[in-house]
Amino acid sequence: MEKIRVVVWNEHIQDKNQADVLEVYPDGMNAALKKGITEGNDLFEVTEATQDMPEHGLTEEVLNNTDVLIWWAHCGHEGVSDEVVARVIRHVQAGMGFIALHSAHYSKPFTRLLGTTGRLIWRESGDTEVLWNVNPFHPITKGIGEKFILPAEETYGEFFDVPKPDDNIFIGWFSGGEVFRSGLTFTRGLGKIFYFQPGHETNPTFYNKDYLTVVKNAIQWANPGREKVFLGAPWVPKTIEDNK
Amino acid sequence: MEKIRVVVWNEHIQDKNQADVLEVYPDGMNAALKKGITEGNDLFEVTEATQDMPEHGLTEEVLNNTDVLIWWAHCGHEGVSDEVVARVIRHVQAGMGFIALHSAHYSKPFTRLLGTTGRLIWRESGDTEVLWNVNPFHPITKGIGEKFILPAEETYGEFFDVPKPDDNIFIGWFSGGEVFRSGLTFTRGLGKIFYFQPGHETNPTFYNKDYLTVVKNAIQWANPGREKVFLGAPWVPKTIEDNK
Amino acid sequence: MEKIRVVVWNEHIQDKNQADVLEVYPDGMNAALKKGITEGNDLFEVTEATQDMPEHGLTEEVLNNTDVLIWWAHCGHEGVSDEVVARVIRHVQAGMGFIALHSAHYSKPFTRLLGTTGRLIWRESGDTEVLWNVNPFHPITKGIGEKFILPAEETYGEFFDVPKPDDNIFIGWFSGGEVFRSGLTFTRGLGKIFYFQPGHETNPTFYNKDYLTVVKNAIQWANPGREKVFLGAPWVPKTIEDNK
Amino acid sequence: MEKIRVVVWNEHIQDKNQADVLEVYPDGMNAALKKGITEGNDLFEVTEATQDMPEHGLTEEVLNNTDVLIWWAHCGHEGVSDEVVARVIRHVQAGMGFIALHSAHYSKPFTRLLGTTGRLIWRESGDTEVLWNVNPFHPITKGIGEKFILPAEETYGEFFDVPKPDDNIFIGWFSGGEVFRSGLTFTRGLGKIFYFQPGHETNPTFYNKDYLTVVKNAIQWANPGREKVFLGAPWVPKTIEDNK
């Protein structure tokens, strides 16, 4: 079986300079996630890309060879070039899977694919999160039971401003009193999109076994499994003869 | 403006015999709910009906004069006659609004309209419930802010076996660790359906101001505002001439 | 790879007695469909069942060994026993795929799983039908281009009284002026449901290559690929300790 | 009752210079539509705006006083300024209704709100279109029976690349063999969106009584009926105390 070609994209800002982040992710969040999803399996061929690379590491050539793009970002949203964002969107619409993690809810590709603000409420207070599986027969929850627990995560709360999802996969319970639609799927053109809320930069979530199971499932679910199709207006209008 | 004709249907079993229920609802749950939704407004004309009445109080004539039917039930599901259930379903399909409260998730009309088991997990431990408003611009949440709190309710938890809803209105957070899709809308034919999770027989939920606001909003939302239409196969097949 | 266990259920009434049907399907519609979906592939293990068999051929044992049930029916809907229908529904909710063909829109299992009347308009006038593929990236349309054509089918038209589908797969265009949502998917519990409009008893649709491609795709899509799970109330209520 | 404040936005290019368009719409398409939706009722206060005006006639002040924006465009999509588009999107997300007519399927506001290409197939051959009402109980179809007919329209066909709609309202049948999901609703943030396919510049569709009924219904449906809410990140993170 051919390997799924994954790009782990990380803005790589706080995990370069900020002590409390480096303590958890000394080699960068991208390296940690790459390791987490590749260890012990032979499913994926993973490339890392970061915002400080030329064209943010997402040239047309890179995307032409990408089946699924994972996006983590937090402080650098505004610095991402509109041209690269338009390119990412075009590839998603043509079939590339897109997995937006945590604060990517405010990223340009995510909000522009969905057409909403991505607004939510939040708090950093080390709450425990229980992620309840509200779609136990979806491929993304394979191997996950009725719930899994993250001892500490940034609290996200409703109202989360996203369009009606195709499917609600997880609902997060936070010990401080909030709930959040923590796993949501969307489709845009041929492209499958998964939003997954956990992944705060000062919590060791990228090392959590259940979290990694979900991400690995999501990659396989979002993999188009076919050539990309760049839809556009047909060059020539259709004739009635075409319907014979 | 014409009043909306509401029937509050209650199995009326535990609130007839069981001490801890009678302590909260000495005159029956139906009486409490009727009082709660009619006090201080002139919107509804409310009739009460109970399982012990002939045809459970839901004759064809009663339903012909009902815009919205509210259903509360717990122990008596199996005792509800299939004929009356079929009648209720026929009226919902023709436009009657249907509001299923709490353990009505296992009732015959609810599970047969939805086609699923209505399965959930549950616990009676006096948890506090925070109901988060995940659809702040839906008519059912008018007057409700970002959330409201019930000091004690029976805990319901996921996985809740219902079809994909039209809209998710509330998500409940329980102090013991559960979450639940506590407000959900569905459509069947012309009929609008609202499932609302709170309303346990030993908790004073039917006296809660926010709860009553939601129920009153839901009645207005579910009101068909038009004659019922009993759909069926046309008696006569269509001809091509009908398309001129 | 294990074969998918399929039951082709046919009421087998008109194709036993009616000359114009026997002319098209001399060995019965079930035999024709079985042949059509098994020829040239090794994917399915197909059993035939008909309404005149004991328990309509759908005993608990048969369903225990069925992954996907195909249902064709027209005149005999009322004669199908409620007990067998309840059994079928229970197996669908537990994961069995269910494919409803043509006039099965009025069958007991279909209308009870969906909770609507299944009403539509219709005409027998030998219209040509063009089935447009409105979900070109769905597994059910694999191998189908932008459309396929049936030279003659019974005309079905809107309004089709079904709940909001998970996905709209085909829209049918009829030469006499009608349109119809000809391919629709639904989920009930763990079970996947596909409604597919063509398949009139006096038209040779069961021999059409594109039609058979769609049915074969739908079987693979609806195959649960896992043990059935019969959901029900947990015997024992949950405790807070369960969330640790 | 307060009037709904509507802006009819028209690129106003072909209806300024092109003979076959001017023959049908001598005073411009915006003037025709304004007249059509205001005649004989007192519901709307309609302003016209065109692409050649400063800021395309859609200044922040204008949008602050707009409840529903109607958008017709065809040749000029690329010339619409990104800044104005971002402003329109921000107002839709905050609650402004948005009605996209005909070739607005390729306009910047529509494709950016939806996140898809808006691709479809098309042909100018004077086909008759029959618009079938597939949502007969939706407010947008009030006063429309099972269908209405446009003697000639530009043919649009599937596959139409849009996200899963909230509701499918109309399906169009074209005499040349195509079908199209001709009326679709979406929500983005607080804003309601209606796409309506007919309205070709050389056909007198803006004078059609049924067409105007639908547009007038859609305006009333999309009217937010409340102050706009510009969602964004809360300035201050939430504290646990907020949940008391």
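By letter and in written order, the chains are A, B, C and D; residue numbering begins at 1 in each of them.
Basically, contacts are C-beta pairs under 8 Å (C-beta built on N, C-alpha and C of every residue); 3 or more make two chains touch, one makes a residue touch a chain.
Everything numeric here is computed off the predicted structure, so don't read it as measured data.
Steps from chain A to chain D, taking the shortest chain of touch contacts, total 1.
At the chain B-chain C interface, residue numbers used by both copies make up over half of all numbers present, so the two copies contact each other through mostly the same positions. Chain pair A-B has a twin interface among A-D, C-D or B-D; that twin, with over half of the contact pairs alike by residue number, is C-D.
Centroids built from CA atoms put chain C at 36 Å from chain A. The mean-CA centres of chain B and chain C are about 32 angstrom from one another, to the nearest whole unit. Within chain B, contacts with two or more other chains are made by residues 121, 130, 157, 164, 177-178, 243. The residues of chain D lying in touch with chain B in their complex are 95, 130, 137, 147, 190, 226, 243. Across the complex, chain D is touched by residues 89, 93, 106, 112-117, 119, 121-125, 155, 157, 161, 163-164, 166, 176-178, 186-189, 231-234, 237-240, 243 of chain A.
Chain C makes touch with chain D in their complex at residues 121, 130, 132-136, 146, 157-160, 164, 167-168, 171-174, 177-179, 181.
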